[in-house]
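Each of the next two complexes has chain A plus one more chain, namely chain B in the first and chain C in the second.
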Partner chain A sequence: MSIELKRVIKQSGADTHIYETDLKFEAGGFNMLLGTTLSGKTTLLRLMAGLERPTRGEVWFNGQDVTGIPVQKRNVSMVYQQFINYPNMTVYENIASPLRVVRASASQIKEKVGQVAELMRLTPMLGRMPNELSGGQQQRTALARALVKSADLVLLDEPLANLDYKLREELREELPKLFQGTDATVVYATTEPMEALLLGGHTATLSEGRVTQYGPTADLYHAPRELITAQVFSDPPINTSRISKRGGRFYLSESVSWPVPERIAGLADGDYTLGFRPHHINLHPVGEQAIEVEGRVMITEISGSESVVHVQVAESTWVSLSHGIHLYQVGDMARLYLQTNRCFYFDSDLRRIET
Partner chain B sequence: MKHVKWLPPTLYILFLLLPIYWLVTMSFKTTNEILGGFSLWPQEFTLRNYVTIFTDRSWYVGYLNSITYVTINTLISVTVALPAAYAFSRYRFLGDKHLFFWLLTNRMAPPAVFALPFFQLYSAVGLFDTPIAVALAHALFNVPLAVWILEGFMSGVPKELDETAFVDGYSFWRFFIKIFLPTIAAGIGVAMFFCFMFSWVELLLAKTLTSVDAKPIAAIMTKTASTSGYELGLLAAAGTLTIIPGAFVIWFVRNNIAKGFALGRV
Partner chain C sequence: MSNKTTNNRAWWLVAPVVMLVAFNALIPLMTVVNYSVQETFGDNVFFWEGVRWFEEVLHSGRFHASLLRQLSFTGIILLIEIPLGVAIALTMPKKGVWVSVCLVLMALPLLIPWNVVGAMWNIFALPEIGLLGKMINGLGIDYNFTRQPLAAWFTTILMDVWHWTSLVTLLAYAGLCSIPEAYYQAARIDGASRWAVFRFIQLPKMKRVLTIAILLRFMDSFMIYTEPFVLTGGGPGNSTTFLSIDLVKIALGQFDLGPAAAMSLIYFLIILVLSWIFYTLMMRNEEQ
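Take a look at the complex of A and B:
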């Protein structure tokens, strides 16, 4: 089922939670809502579900206005970050509950619950109460309940955030498969850029109640239209710096400059903003267009075989991510190599300069 | 020091239980023995005091009256408090915090303040000397208390549970009865216990609002002397019986009682 938000605004008192938003998700797609905490992801989900009414604007399902239709009649399902199950019912009854509400026949309930429980590997747990399960099993139960009713719209609000690492990876792999071949439109909210990239599909980036960009996930990552989108879609955060263009070169400082790429050669001279991801500035040269920059080390973090070094270059603080273990003392001067062919350039409105 | 670890709690319990022990032993003594001198346990063990209470209508009717109005009160208080507590726990509305606090202030005035207006009002509308009069009067204190306790327990249940149920297709009332109430069953138990307790021990209003037909046991117990002189054994037996329902109810909510004192916020 396709879902469309038309000029939706959500205010609560004097606060605006969602600024005017137009967004359309096609039927059967896997859609990510990516944004930091309080960026409005949950509010958007709640508006789609019908748990909240937009202050202005309309919500359309399959070309029909459903703005005033209560959540009970929308055939949606929702899974939260907290593991929400009915504590007074067994796992079986939990999964069966959406079917009981619509008065499905006993044999149908038995069959469907059996199927979904098998899929979610909950069959041995069916007789237990939710609080006797591990976190992972509790969330599987919640997912099973969302799955069993064959909802048109499945809303997942950071469903893996409270799981530990292993379980998260496991479920993350299973999730897209669960909805494959169904008509269900899945909307998945997350704070982690990695999760969006791994789950694929389409992504809408959110920042402070605004959708900054929507499109295929890879496009958003490789071609953000605005700096804010690149910032939301980068972890560790994207590095930025003021640069100026004179003649055919970009200048970070008097001593550090590099030629303007051909695709934007027609750019007027002036001040611009440079943006690049931490793994595009390294402690050793990568690629042919790497230029040398000196920076003062502020923090070094070693995670396994990768080094994350925070450096101060001119007035900016950058994060560099390199393979291998590189130890620096605080205050050391480090030589870094910036891959200029991977840089984004933004104009004074912080829009990315395209060809 | 290690070997005297048991000493403080033992002493504590001893001091706590001493009056109760004294009451219970008294109830098995004859009045003569009680007045006659000091004895640690009954020299002439007797059950006559209890027999009198269970057979003499003027005594046992007191228990029936008390149990009647306490039950009515508990049911009214919790039934009324449930939707109120849900509203306070789940919705924000104009002045909700002030209203919520105001509820508790009802407990701050001594019952004596309300005795006179209640007496006058109930007499005027013909409720005087009925169990329902006492039950309603006690609701003045117990409804706010129950709202506070239940609100605490309800706020411990994530709002997402309600929403999940609505998303699953549950109507509000179906969700409330089939899922929400069982989820906060412990809280309901604790709220009922507190209503029971306050209604059971309250004497002033219960005594003021009744005369003959609905007289509570506590009021009957205040008649220390009768035509046959002091009946201390009988009073002790009545006192012992009065403790039993309380102890019984505490047994049921013992695991959640601390939460009740913290108004559900533990």
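Take a look at the complex of A and C:
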């Protein structure tokens, strides 16, 4: 089922939670809502579900206006960050509960619950109570409840956030498969850029109640239209710096400059904003167009086989991510190599300069 | 374990607590035990009686009658206060300025001393001058709690409900507030009815606090003394003489210290055993 938000605005009192938004998700698609906490992800999900009515604008399902239709008549299901199950029902009864509400026959319930439990690997747990399950199993139960309903729209609100690392990876792999082959449109809210990349599909980036960009996930990552989208879609955060263009070169400082790439050679001289991801500035040269920059080390973090070094370069603080373990003392001068072919350039409105 | 340093001076830190518990629990309790197996005529002269007082109390019709009254009273007020308290908690607002107003209003009866509650209701229910008593009589119902056992019971129960329902409400409200909003949303998405939300979300989530509420109300009402003493004095006749009132009558009215001590211990054991049974049952359910 396709879902479309048409000029939707959500206000509560004097606060605007969602600024005018137009968004269309195709039937059967897997869509990510990516944004920091309080960026409006949950509000958007609630508006789609019908748990809240938009202050202005319309919500359309499959080309039909459903703005005024209450949630229980919309055939949606939702999974939350907290593990929400009926506390005094067994796993079986929990999974069966959406079917009981629509008065499915006993044999039908048994068959469907059996199927979904098998899919979610919950079959041995069917007789248990939710509080006897691990966090991962509780969330599987909640997902099973969402699945068994065969809802047209499945809303997942940071479903993996409360799970530990291993379980999160495991479920993250399974999730897209679960909804493959169904007509359900899935909307998945997350704060983690990595999660959006791993789950694929389409992504809408959100910042302070505005959808900054929507499109195939890889496109958003590789070609953000605005700096804000690149910022939302980067972890660790994207590095930025003021640069100026004179003649055929970009100048970070008098001593650090590099040629303007051909595709934007026609750019007027003046001040611009440089943006690049932490793994595109390294402690050793990568690629042919790496240029050397010196920076003063502020913090070094070692995570497994990678080193994250925070450096002060001119007036900016940058984060560099490199393979291998590199130890620096605070205050050391570090030699870094910026991959200029990976840089984004933004104009004074912080829009990315394209060809 | 062997490399642990021992410091016996640390016991001094425990001493204040030990003293406190000794003086307000152990020593008085042992005194009662002492009285319950002996006969005394004053002057600190004691005669060993063994379990005679216990047998006497357990076989006395008077004790049976008070116990029955006590059980009925506790049963009735639990049946009223628990559902009523939960019902009020369900109607209380969850956010906004009214939350604090409601909480303060609900907490007010709990702040009033027991004897004041008794005195208030005594005056309130007097048939000639009390607002409640006069009103009921004005409706054409013959009501006089100082003369009619039924009216005395009605007034005592009403007083207890007024005084203590708030406690249940506040506990239930705390339980309700701890339920994440997502549960209600999930139920709405499922299309669950208001009753189903109560039965399958709110009630199970309130179970722990309700267990505490029932235990507290059970113990407190089983030991009730001051309020009925001030309100009815145990009368008319013996109709509202609950266990503790009867106990005081025996101990201080008749100065039968032996039977009174034996009765105290039996009384204490009943509360202990009933509370334990109740708690075990509730917790066993919890584990399932």
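What we mean here is this: the second predicted complex is superposed on the first by the 355 of 355 C-alpha atoms of A that agree within 3 Å, B and C clash if a C-alpha of one lies under 4 Å from a C-alpha of the other, contacts with A are read in each partner's own complex, and residues count from 1 in each chain.
The working rule: contacts are C-beta pairs under 8 Å (C-beta built on N, C-alpha and C of every residue); 3 or more make two chains touch, one makes a residue touch a chain.
Predicted model only: the values in this text are computed from it and were never measured.
> Let's test your reading of the overlay: on chain A, do chain B and chain C clash or fit side by side?
Verdict on chain A: clash between chain B and chain C.
> Tell me which partner A:78 touches in the superposition: chain B (first), chain C (second), both or neither.
Both partners.
> Have a look at where A:87 lands relative to chain B and chain C in the superposition and call it first, second, both or neither.
Both partners.
> Touch test for A:328: chain B only (first), chain C only (second), both, or neither?
Touch partners of A:328: none, neither chain B nor chain C.
> For A:251, is the partner it touches chain B (first), chain C (second), both, or none of the two (neither)?
Once the two structures are laid over each other on A, A:251 reaches no partner at all.
> Between chain B (first) and chain C (second), which does A:129 come into contact with in this model arrangement: first, second, both, or neither?
second
> Identify the partner contact of A:49: answer first if only chain B is touched, second if only chain C is, both if each is, neither if none is.
both
> Regarding the shared-chain residue A:97, is it in contact with chain B (first), chain C (second), both, or neither?
A:97 contacts both chain B and chain C.
> Indicate the residue numbers of chain A shared between its chain B interface and its chain C interface, in ascending order.
Shared contact residues on chain A (touching chain B in one complex, chain C in the other): 46, 49, 51, 71-72, 76-78, 80, 82, 84, 86-89, 97-98, 101-102.
> Provide the residue numbers of chain A that touch chain C in the complex, in ascending order.
Counting only chain A, the residues touching chain C are 46, 49, 51, 71-72, 76-78, 80-82, 84, 86-89, 97-98, 101-102, 129.
> Quick check: in the complex, which residue numbers of chain B touch chain A?
On the chain B side, the touching residues are 158, 160-161, 163-171, 174, 179, 182-183, 185.
> Mind listing the chain A positions that touch chain B in their complex?
46, 49, 51, 70-72, 76-78, 80, 82, 84, 86-89, 97-98, 101-102, 142, 145, 149
> Along chain C, where are the residues that touch chain A in the complex?
180, 182-183, 185-186, 188-192, 200-201, 204-205, 288
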